[in-house]
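Going by the order they are written in, the chains are A, B, C, D and E; count residues from 1 in each one.
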Amino acid sequence: MVPVEYYLLLSSGLFCIGLFGILTRRNALYFLMSVELMLNAANINLVAFSFYWGNLTGQTFALFAIALAAAEVAVGIGIILALYRNFGDVDVMQAATMRW
Amino acid sequence: MTDDRPGSSSRAPGIAAVALFGVLAAVILGSAGGFGDPVGFPAGESIVHTIGYALFDIGLGEIPVEGFLAAFLIIAIALDVALDSAVYLAKREDEGTIVSALTDGGRDIVDGPVSGDDSEGGDR
Amino acid sequence: MVTAFDYVPAIVLLPFVSFVVALFIGKQLPKKGAYGGIAATAGSLLLSLWVLASVAGGGAHQETYWTWAEGVGSQPFTLEFGALIDPLSALMLVIVTLIATLVHVFSLGYMNDEGERDLPRYYAGLGLFTASMLGFVIADNLLMAFMFFELVGLCSFLLIGFHFREPGPPSAAKKAFLVTRFGDYFLLVGVVAVFATFGTAAFAGAESFPALAEGALDGTVDVWTPGGLDTMTWFTVVGLLVLGGVIGKSAQFPLHTWLPDAMEGPTPVSALIHAATMVAAGVYLVARMYGFYALTPTTLGIIALVGGFTALFAATMGLVKEELKQVLAYSTISQYGYMMLALGSGGYVAAVFHLTTHAFFKALLFLGAGSVIIAMHHNENMWDMGGLKNKMPVTYWTFLAGSLALAGIFPFAGFWSKDEILYEALIHAGSEPLLFAGYAMGLLAVPVTAFYTFRMVFLTFHGNARSEIARNPEPVRWNVKGPLSVLGALAVVTGGINMVPVQKVLGIEGIDYLHLWLDNHWGGIEGLSSHHYAEIDPYSSTYPFGTEVATVLAGAAISLALAVAGLLLAWKLYNVAEPVEHTDKLGGAKTLLYNNYYQDEFQVWLADRTRGVSGGADTFDQGVVDGVVNGVSSVSLFGGDRIKRIQTGVVGNYALLLTVSLTALLVVFALLGGWF
Amino acid sequence: MSLLQIEPTSWLFALSSLGPTVVLVLSALAVLAIDSLSPDARSNTRLAATAAAGTLIALGITVWYLLAGTGQPATGGAISLFSGAIVVDGMGLFFTAIFTSVAALVVVASYDYLEDDANPAAFYSLLLFATTAMSLMAVANSLATVFISLEMASLPSYALVAYLKTNRGSVEAGLKYFLIGAVSAAVFAFGISLVYAATGSLLLPDIATAIGDVTDLAGILGVGILMVAGGFLFKTASVPFHFWAPEAYEGAPAPVSAFLSSASKAAGFAVAFRVFAEAFMPALDVAVDWGLLFGILAVVTMVLGNFAAATQTNVKRMLAYSSIGHAGYALIGLAAVTAGAGANNATVMGAAMAHLLVYGFMNTGAFLFIAMIERWGVGRTFEDYAGIGRKAPMASMAMAVFMFSLAGLPLFGGFFSKYFLFLGAINAGFWWLAAVGAVTSALSLYYYSRVVKALWLEEPTGNLDALDSKPTGLYAAVIVAGVITVLLLPGFGPVIETAEAAAAAVFA
Amino acid sequence: MIIEALLAFTFAAALLVFAVPNRYAHKLAFGLSLVPIVGSLYMWSAFEAGGNALTGGQIAFETVAPWLEVAGYQLQWYVGVDGISLPLVVLTTFLTALAIMSAWTPIDDRQSQFYGLMLLMEANLIGVFTALDFFLWFVFWEAVLVPMYFLIGVWGGPRRKYAAIKFFVYTNIASLVMFIAFMALVFSLPVDSFGLPEITQSLAAGELTAFYGLPAETLALVVFAAMFVGFAVKVPVVPVHTWLPDAHVEAPTPASVMLAGVLLKMGTYALLRFNFTMLPEQASAFAIPIGIIAVVSVIYGAMLALAQTDLKRIVAYSSVSSMGYVILGLIAFTEFGMGGATFQMVAHGLISGLMFMAVGVIYNATHTRIVDDMSGLADRMPVAVWILVAGAFAYMGLPLMAGFAGEFFIFVGSFGSTALPYAPVFTALAMFGIVIVAGYLLLAMQRTLFGPFRLETDYELTRAPMHDIAPLVALLGAIVLLGVAPSLFFDMILDATVPILELGGGL
């Protein structure tokens, strides 16, 4: 049986990969995808530890997390659409009129 | 929608993510010894059934689980909210006519109430 | 039974009422308040005479009218207003009210007839001046004395600066107030010290501060001294502090510089200031608390030295002045120097005597000068005068009487009093060498005084008229001649009140009226007698010319001879048809004297330095003290400006900063929690 | 169905206990319904009335419950619903009162703000949904409900910030808010998963129980707690998850900024208080000294918020930074509940709650004043505000009240709430927090008074004719907020007593 | 209930004045402001209390009601007066009415707001001087600043905004320092309310305990120092005085009158009430530094006044100087010292009010305050000028005017002080201020009021109107009255200050 800490390492890795994407990509859609990765890292933990603890709380919650991720993407796409209409681009770095 | 322009994007900030991973990994490995054997699920119990029971706070099934009825109800509304928000944001309002970005078979959905109607069935 | 003493407050209040009346309705009154002033001061004079008579009838009086403030616990000071009527104050009341009355009358001629503006303000000032001085005179404690002392200063400011539309008078007024204020500062410290030391500032009685001081020196009374100072040292310090105020007000060296400038005021005011009020106040104060001064030999010595030096010093400056009133101004300083010399030498009676005679002859001289000034259309330069003797005989003869008194020529009033002063200094010089210096300087001043006095007389009245105005002087009326006549008579006869040399030489007992008067012969208050003062003062008499009579005669002869010598020199130089300046003969000293020994320059320099320091302080305040305040604000704002720069507006940076912060927090708490 | 449940849900009881939430949901749906029934009508008035009625009824019910003692010790303690996933108690009701009050003010103000909007239904519905979500956050007692209700509050907020779709600032604000929000949500979710990994539970009381058994997993739990804290820090706009706040508040329509900076922040604290007080209290000794964490963050937040606000030129952005600073003050409350003594914990948390209530009024009022200025189209900078006091004295006076209250001058409600907060911190041993708080408060007076200076002291530079129109709703909202801010000084007693009682119940 | 009635009336009057049209505001405000005068005079006549309100003496017109309770401390509505506060209440009502009248000429914009703020400030000032619960007091204390901030900032001179913000922020930061220190003190005492009498008596009973590891003695010293700094800014003393000249120069005349006349007294009042009543031993421990501060304030303030060319700045700096005397009187810890300091608060309030008002009248006519711009004004506006002269002499401490009484009491009290080492030296040094003050005031008067008439501005000089002169006359009358009969106030002041000395263990 795979030791449970490996799942933790996996999820952490996934989380940080998502974060890497956020930090290095300027395209808003990549940004969204990266966030999905990070949320899924949480899901890995939830499912893995659901088994570890022998209860289904984690698994059930993972379902909710997935649903919320979808909802978030929906709103995110809406905002990116508005961004594109206003700035003609989906570059997250370009929208920087307000600062300091 | 453009991709990153060549050279316009730096990979350097990614180091921060790598560093975070380093820290996380160190913590995980540091507490690796703390994990015992997994409890696991009893054989023969339907996990899917139990999840279904959990969603409605029905205490059937052998596998322990917390009640998620409240979460279920809330997310029902939350998804309506997301739809409401997404539809509002995606709508294009040009010169008084409301043009939705969301299309259904090429037919413009003229008004927002799509979401309003949907919301009634939020707990579908 | 109603006695004179019930009316003592009225003596003070009458002139005060005239002040109020002149101030508020003076414009509507005939003569703009002059009559009110005359009536008030004359009323005060009558009441004062009544008081004098009552004192002579064996009365003396002390009464508290008004408790100003009162402590209840650990500092049970009672600050109050009260009257102390004894021979000294009764005499002074008469002098002040008499001169004030005459000055009021004279003002009719000098101010009203000359068409001056703002007369209500003038008469209000005179009234307040008189009232303040009278309040000072009757004061029964040092605090009350100080308060009226200050009011006198205020009035001098108002009256010296009466012609405020010209640049000179306001400046002179400011100087007068400021310089005397400087002296008053020491006086106030002294008053406070007296309270702190004795818990009371009363002049008379067993619980008065002179009495307590006496007890403290005897070891029968415990008093507070700062830092455990020896009582004698401390009393000396207190005495000198009080003396500061005296030096300022009585225009003694080095605080005399305000007085010549004060000639900017109307001439009647000068008469009042010099003869009876402000300048006299200083000497009067020393006399009033003589019981305290007599206890400390060092203080007495310093008083004598200052007095003697001032007498000579001021007299020399009077030698070269060209303006009538300037000469008189320096003579005033010089004469008050004599009084100080007397007080310092234990000659309490002599000082009061000279105060009295001087009041009359100096008022006379000033009013006479005023009369000349009226005649000369307010030209005061003596070199433009000459030959007025025949044009204005009343003025001339009275002025001459005053001058003879001032010069100390037998038998005019000044001779007697000045002689007694020098005599006192001489006989006490044996026990205090400082007195001898004082005596010497006082003696030297005698011929100088006679010289400048008669230079003034000759230049003004004798010879030929040296200007058109002098040839046709404006006539003066009764209101000028009247006061002059009264004072002229007094200048001649006042010496009669204290014929000590006559008594001593001829052995006629009982003609030293003033001595007896001040020795409570007819009545007075215990502890405030010249006899008592003589007991406690540190001096004993020695007679350098053998016997007392010989010393009296020799002293009188020397001073009279010197005076006559001075007079004759003036006669020779200036009693000619066309006098010329002889000041060049003084050589380098002439410039020095013209410039009053550069003391004004020194004081201006001092003032400039002070303003320089204050300018520096201002720069420091704006630059450094306020700079720190503004600096704190600037640094905060600068910090804020830097801090907000991390909000770059680029969302990627935000994510990076967020990640880095999260990582850092994880590391920190991992280390703290030992998670690794 | 009910027969089968672990704990049979009495639906009527559940619905009545969650009365305010239900009313809010229904009014949101009603807004949508009105809009769909007459899509083309200019129905701003109707929509606003519906929304206002919904918030006010919800507020009324909340206050009634608070007074009647629902869910409080007086009537038998907290009401646990849905298998313990929801707990209705005094604290939840207290915060609900804040949310509904703010929402009511914002709705009333928005009536004027949206006057020219073709179809404002989305605005009102999103606002009501967000309020609903916040009221759920205040009663969520499981990390599952916490996460979901928090996200449910965030999603409409993103849309509200970007509400002016054709305005670049609004869209940029929405984007930034969303991006940081998404990352924070991911961090939050990951944190929850780690907490679950360490404890095997999501229900707050169960987590607290399980933490005692966490031995070697302290690191996992610690990271989890830190990341969960991150989720709350985002919601409350605290460092280092605050980066969205200045832009979002600046770019968003001013009523939305008011709503977010007051209600949304309070909601974040509501849920943070419950989670940390109920679930993570035992973790203090085991895994992570989160009291210190919040202490440090409070200091940084106070300093950053107040210093960055000092030199702003845009009034709205200044308020945005000040709002960050105020998050720092409330964080003091979170940090200081760790001292252990129950009574003091209640004092501190009660003070923080009271502060959030007062803040709800004064800050909402301030942003609504800005909404009024935006409505007039006068401008955004301090210079543009010059001399407005001449033309609009009532509103400007109210703004002065808000500014001085925010600065903590002891004339208005803001003083006592801040004071009791600092007092609690000192009693809990966090005197340094109180010290930093005091210093930054002093600084804050400078920039708050700049607004007052612009309004009253400066002479008008531009044309202020636009001020002749008097938007009734905005005026009413601003004045009401001002009056309440003033009254909260003499009437602070009931507020702090209620808050303390509610807080005490949480620690009981 | 008279205090409540006074406060309620004044607040209501302020609101009423805010509401009326500008053109009626001035007369209405003046009329309304007469009522508090009557009220305070009634209090004076009915005043029968004895002792100090804080040390257990009888408190006049006392009312107590609970306000709110937190962390075991009861906050109260607690008001009352004793011999220290009553004169200041009278001063406040009196001066406010006169300041309002003096505003008739210069204030020609937004009058209703101006007069409303004046009345609002009056109400808060009454509150400051009557409150006996710390929080209540603190609320009023801070509430005074806001109207003043607006009065300076809206109706002030060219640099009014800078001055207003500086005043506001500086004094608020000071309040904060004081507030924190006082909290530390209260938390270390076994008291259950913020009532000042309770706190004072607990301190006097030696019940102070350690606080955060600070021993009680150290704590008391630290608290004393911090509170001193906090109040010193308000007084102000050197070196925390720099907000004052700016505020005064920019403030409109009536605001200057109130600022110098009453607001500065808040600082000394608080010093007396808090530092010197509650922590007398610590005060003695700091006697020498405080003595130095007092002397430096006197001399340095006077030197700065000497360097100024703006009449208002001269008077402003001289306030710094005068307040130095008050500090000296307080630190002396003697009957006359403390009583004199309190008396001087009232006296200086009247005199500085008079000076600012008179300078204001001159400014109204000439539109300049720069000394070099004018001379010989006595020729054209004699009444105003001579009243100014009288005021200046009052400022110099002319006997039979209130200033002399205050200063003399202080000097005579502090000279023999045992609490202040080297008291005679300190006193004598401070007293030199009376020479410098004469110097700069006489110099300024000579240059502006006397000499040939000259004016560098283009304004026609006219005689000042009656309503400009009337308040000056009233003030002058009050100054002379108090100068001749200081015991009108001094007796009750002593009644209230002597217990402080007893509390200090015969310091």
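In this section, a contact is a pair of C-beta atoms (placed from the backbone, for glycine too) under 8 Å apart; a residue touches a chain by one contact, two chains touch by 3 or more.
All values derive from a computational prediction rather than experimental measurement.
Steps from chain A to chain C, minimised over paths through touching chains, total 1.
In this structure, the chain pairs B-C and A-D differ in their number of contacting C-beta pairs, and the larger number is found at A-D. The central chain of the assembly on a C-alpha centroid basis is E. Using mean Cα coordinates as chain centres, the one most removed from chain A is C. If you average the CA atoms of chain A and of chain B, the two centres end up 9 Å from each other.
Chain C and chain D have Cα centroids lying 78 Å from one another. Between the Cα centres of chain A and chain E there is a gap of 64 Å. Between the CA-based centres of chain C and chain E the separation comes to 37 Å, rounded to the whole angstrom. Taken residue by residue, chain D touches two or more other chains at 144, 148, 151, 155, 158-159, 162, 165-166, 174-176, 179, 183, 187, 201-202, 218-220, 222-223, 246-247, 308, 312, 446, whereas all remaining positions touch fewer.
Multi-chain contact residues, meaning those touching two or more other chains, occur in chain A at positions 8, 15, 19, 22-23, 26, 52-53, 55, 57, 61, 64, 68, 71-72, 75, 78-79, 82, 85, 92, 95-100.
For chain C, residues touching at least two other chains, in rising order: 633, 644, 647, 649, 651-652, 655-656, 659, 662, 666, 670, 675-676.
Working note: touching chain pairs come out as A-B, A-C, A-D, B-C, B-D, C-D, C-E, D-E.
Interface residues of chain D, counted against chain C in their complex, comprise 175-176, 179-180, 183, 187, 218-219, 222-223, 226-227, 230, 239-241, 243-244, 246-247, 287-289, 292-293, 303-304, 306-312, 321, 443, 446. Residues 644-645, 647-652, 655-656, 659 of chain C are the ones that touch chain A when the two sit in their complex. Within the complex formed with chain D, the residues of chain E that make contact are 67-71, 110, 113, 135, 138-139, 141-143, 145-146, 149-150, 153-154, 160-161, 164-165, 168-169, 172-173, 176, 180, 183, 187, 212.
Of all residues in chain C, those touching chain E in their complex are 67-75, 77, 79, 143, 146-148, 150-151, 154, 157, 161, 164-167, 169-171, 173-174, 177-178, 181-182, 184-185, 188-189, 191-193, 195-197, 224, 226-227, 610-611, 613-615, 617-618, 621, 625-626, 629, 633. Partner chain D is touched in their complex by these residues of chain B: 24, 27-28, 30-31, 33-35, 53, 56-60, 66-71, 74-75, 77-78, 80-82, 84-86, 88-89, 91, 93, 96, 98, 110-113, 115-117, 119-120.
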